[in-house]
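Okay, here's the structure, questions in a sec.
Should a chain be cited, it is by its letter among A, B, C, D and E, assigned in written order, with residues numbered from 1 in that chain.
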């Protein structure tokens, strides 16, 4: 007799997601912001797996698999951009990259 | 309304409207403007002007034909043309002319050739100027002749564009501000009108089942609740009120006039200002009798304020054109007062005064144009004692000033007298105040005349002034003649207006009665004395309210007057 | 509760085997390199240990014990000790360990203390963890409970190895960065780049191998290699198996950053690569980690391609304890063979240039392994 | 009501003359004068012809009727049958039942007026040829004079109130043009404008009266109105209102108390203008109107009371101001205002024919006085101040003689016309109590005031005669007798002033007017002795005048020193101009400027530009949220999503 | 509340907070690594073994290495605590709190804890592989393309345009690794 604790896991993922978002908003450094993004994605993955287990089929896990693929791609491009940014502005502070502002 | 078939096979009204447009287009195909610009000397008119003149004169001829075939006795719309334009929307291309619009059409086609004659003063980009003027003429004629609400609105908006360019490009220093203000003012109003238009058509469609913009159909049988009528009338009143500058919405007029080129001012004062009141006559009053009778006294009040306010402010002006602009506000105040009084005498006077104002103010602007072409300034202080130097100019200026302050034997007096006599029946107290306008009118016009024409002459400043040359005289002569003809012998003109107006007023009172009986049974006797001439219709309402004055006249005694005071809530 | 205790015991045993292998490799390297370079190698340390006055006691009562202990116990022990000293074991294992322990733990100025310590830990920890999935001996059946000499019998054993391989990169990177000087940083960058690029080839090779064996669990892989020698990994679909072995062998060398691939800590250019700033115990950890990794790859080669504890043409009954013992010995033998092989290669081939290293990794191994995978897949499907 | 062709020609000649003079004036300036005078003469001749036709028409019935209706009831009994000649030109306009047609009607009252207008008009045309000889814009002057005649004839001949109004305003226009003739001087132009505006105020009231008539009686034609008023039951308040509006119009035109300020300033125009317009014709329009609308005024005793009060007040005030004026034309101007007061008194008492009679006689001697002063001014090279003149009788005998006769006439000495009309006025005033209860109460007071005014009139007119013609010449120009073209009109007018009284002497004047307006019973002519006795105010005034200014010149100086403030006040025209300026003109100007600057620009434009500004400001505020910081955008997005989710769940 | 869940969630939350609060980027990076491994453990706890390992390999092994790599390369300094930063932290914290407080109860009542008899499916490699290559083959291929595109993009972005003039590239054959005569390297 084992209980299904998916609700707690989803709650955990919600908390992690919120922390990730807050981090993304607060941190000025582009790379840290990017990391918070990863945090958010992982939170989503947890929820996926927990609920796929409750539902009973593997769709959730497949989704996680694809999320990881996308996260990897995104990481590559994101960091490339950060490097390009650094090369131009000599800084990784997202708050310094304000040229687009009117 | 008997459905008058197309006049013979020749669509007279459509040609009238689109002839100027044809002229405008041919203007574009003329040889390059550079060459013809330097070419002609002072005397000869440029090719574009000749072409423009030809087309406007042609239009004038067509309008003369129209007038000659117009049967004054038939009060319904004549020369009707009806083609369905956008069937899905129920919009059709309906044209028609009746006693009220016939003379305004004539005025428009009459003024345009004069404006083209006077367009010499426009130096650069004259072809564009002429193009816009011709386009404007089409729009104006279209507005006057269209009997379909949608078509009316289209032409109403079309009038704006050319005027915007005329003032915007060929205007004075602050022209951008002035033209923007003018357009924004009018557009705000007309947008409200559009909304009201659609809600009207929608509610009519609900009642009658089929969507149509045709004025004839809607006017007769649309049943709107009193409140609906009030709101819709208010929207229309605002749009038209702005165009006729009724008191609070008039501030665009002085700016537009001051900054507009001479031709622009003439057409603006001559015709465009009339469109507002024409809108009231053609659309607002027939469609919403209840709203009209409720707002009537307020409009009259505003009109009278406009008269006195316009006159006083004109008196304080230093710029001639601004002074004349404010005088227009005052004159149109009379027209509105006359029309709102809603009896045959006043309404006929109002329409007649619209014609007179077009002529006298148009002429005054032409005269100011003459001075402006020579000295390029409109400041009254810049002139003085010109009577000795330019006697012909002084004489013409005197005649048109007198026409403007409604001196008997000039056209102004007939219109003003009819308006005041008629409106006295309806709004006695307001008319007393309006009569003061006559005095103030004399004050500011004669002050203007005295400051410019009399007093000592500054040789060094105005020494080089030359009197009115032949071309300018050609523009002013027809107006000069008209002033006296319409003043001494107005019968033919009034003959055209009076029957339709009489019918219009009677219809209005009937509609007010029917809509009142339907909405609130408490019978409110219709305002004003009905001067309807047709004896055969039973004088229902005037019979009951007539005191036994024993006087053979059909008029109603003072009892009537007091009744009118308490306005239906 | 029993399972947990079992895991703890197994974990301890595996740990001892790892340390044993690591120290053996250290010794082999020290003496092996000497042998290859035709020099004597370490043979002095510990050779001058005689009993002498040791445990001579005036206390009368203790004299007999002392005598027994000195002659029966100490004297042979010291003889063995001297022998070991002469072959260099004492020098490499005991002295070096002691020296590392006693050396001053130097931390460069301006770096983050915690990270400086974390570096070596992150480098070593994943390797030891990887040993958890390796079956050291065949099962032993004792009164109806089967003992499997494998700490974690998880279905994704091989993947776990791969994961641990990728985690190891952190240690190198952090170490390099906390060294706070250009050389260590460059060393770390090179190491990281090298490890990551060779991981790719490893991944693909593992895919081919799994394609053949059909499972990630190492124990079952070895079981499948039972029977005749033909079942050995090396020989499946003949060229692919051997090719996998070859690529994996090279990748192994690269992953451990030794041998011809030891650019990161090459003395001539980068002083000591990413662990230049490390001394004392932290340096020892790096060193141990390195040798454990050599042992790890040796084990992987042995299990996947040479049939683990299987002896060709001989079958042992399952579950017997003595069979397990022989199997383990066989398995350890193979592993030692590969360790020695790696070490000898290290001391023979010159160091690759960095671009040659990268070319080899990206332009030769990776395509080869992919082709190999495709061929293997094609063949497997066609069967 | 027979139609007569000649009637239509009367106003035609001056109209054609006005255009012709201007045309001719282009070529030769002198000829213009003669053309204008010719046109005026032709018009006079045609008036005589039409007069004959009317006499023929009326003559047949006049005498027996007159005899029978000896005491025609004031309420216009059917005694006199109304005879008139008509010339309907065209129908002006017809709206519904209310129609107005351009129609001339020539009855006995109009005849008298026409004769006066065209007669004196022609004389003054003749006179102004000489007077304006050296002014180079003469053609313009003469065309304006002819235009004035045309307008005045329209006013007088008008068959209905609207045509009368056309003439009414036309005359106002011509007075504006003529007063401001020498427009180089801005003050003269200002005087012209002032005259026109003040007239316009009167006209406004006139218009209101017209509207009331249209509303309640539906027609403006005199005959129709008269019939309508026969048995109307309209409330008296209404009728009084109409009457008062007409009276305000009359005061505007005929310069009574509230609106008389423009007449003294009108002296800025050339003297013939003053003579023709501001003495003989235009100013009398008010009296003519009252006479013409007698059927209305008879029904409103209260209105008549107001008319008499104002008339008496005007008479006494104008006379007192005239006492101290030094400018010869100003003296005559105030005397005109005063005499008009006399006429309105007569009209107010219901004796319309007396008012008309005084109007006629006044036209003769006042025109003669003005022309006399004109020739004096002409001689002294436009010197108008009497203190610069003196002893001109010797130099200018003819002008002096005619001026003397007219002085006696205006003073009301027996044999001259002045006495007769003035005497009848006093008499009418004393009997006014019978017909009008209101007047009864004030009868005595009014008679006293009027007699005082008569004395003052005699005094100041003699003073002006003495200061200009008697004593020694104080000016430094060398005056000489005026040319013959100027002297002839003077002589003719002097003779008319002398014999004017005869007109009534033989009763026909009163009877003649009886055909159109109620004239009451005919008095038997009184004996010469009584007449001499009744003209005592004249003798007293003349005596004192001569005494003060020839024999005892130091008395007026003494008076001046003892009562300086009164002298100053009178000389300053009782500061009425300044009063009007302060109370009406200045505030209006201030309000105009305030309305323009304040309301128009600040309030209305303020709102318009205000809305534009609001859009600007709000745009600026919103723009600041785009800080360019990635974090801020992220925060906003996060907040937004949370809000949405919360909202979703809250639903 | 299972013990494993409590420990893991505590670990995760602590490491997550660590990621956002550490001022030195490297520290937060490492915290994230811990967090990722924690997530892998959660997957393992939820019987999704393949995902756990893949998580470690992909996230911990590849992405974080890249991140640390870049952090090292750009040696970003520790951020100093600014007032606006604090304000934003508080503000977003509050908003985050709202989110949790709003969605939390919904989650709990949406998926109540319920006893389950039949053993939950195990996320073993075979099962996942079977599903992945049958039902989800198309998304799998697109994921492949996506990653490929990302790599190309990253390469393009990070590559210095035309290389650094004074450091000619080895691959272009211009630099055989020996130090140029000019001495500058």
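The criterion applied here is as follows: a contact is a pair of C-beta atoms (placed from the backbone, for glycine too) under 8 Å apart; a residue touches a chain by one contact, two chains touch by 3 or more.
Just so it is clear, the structure is predicted and the values come from calculations on it, not from any experiment.
Touching chain B and chain C together: no chain. Ranked by separation of Cα centres from chain B, the top chain is C.
Think of the whole protein's Cα atoms as having one middle point; the chain whose own Cα middle lies nearest to it is B. Looking at which of D-E and A-E shares more C-beta pairs in contact, the answer is the pair A-E.
Averaging C-alpha coordinates per chain and comparing to chain D, the farthest chain turns out to be C. As a whole-number value, the distance joining the C-alpha centres of chain A and chain D reads 101 Å. The centroid of the Cα atoms in chain A and the matching centroid in chain B are 71 Å apart. Separating the CA-averaged centres of chain B and chain E is a span of 77 Å. For this pair, chain C with chain D, the centres built from the Cα atoms lie 136 Å apart. For chain A, the set of residues that touch two or more other chains comprises 21, 25-26, 28.
Within chain B, contacts with two or more other chains are made by no residue at all. Residues of chain E in contact with at least two other chains: 50, 54, 62, 88, 92, 96, 99, 103.
Interfaces, counted as pairs of touching chains, are A-D, A-E, B-D, C-E, D-E. Residue ranges of chain D in contact with chain E, taken from their complex: 631, 635, 638-639, 642, 645-646, 649.
On the chain A side of its complex with chain D, the touching residues are 21, 24-26, 28, 33, 94-95, 97-102. Per the touch definition, chain C reaches chain E in the complex via residues 112, 115, 118, 154-156, 159-160, 162-163, 165-167, 169-170, 173-174, 176-177, 185, 188-189, 192, 196, 199, 216, 353-355.
Residue ranges of chain E in contact with chain C, taken from their complex: 24, 26-27, 30, 33, 49-50, 52-54, 56-57, 60-62, 64-65, 68-69, 72, 124-125, 170-171, 177. Across the interface of their complex, chain E is touched by residues 1-12, 14-16, 18-23, 25-29, 31-32, 34-36, 38-39, 42, 45-46, 49-51, 53-54, 56-59, 61-62, 64-66, 68-77, 79-84, 86-87, 92 of chain A.
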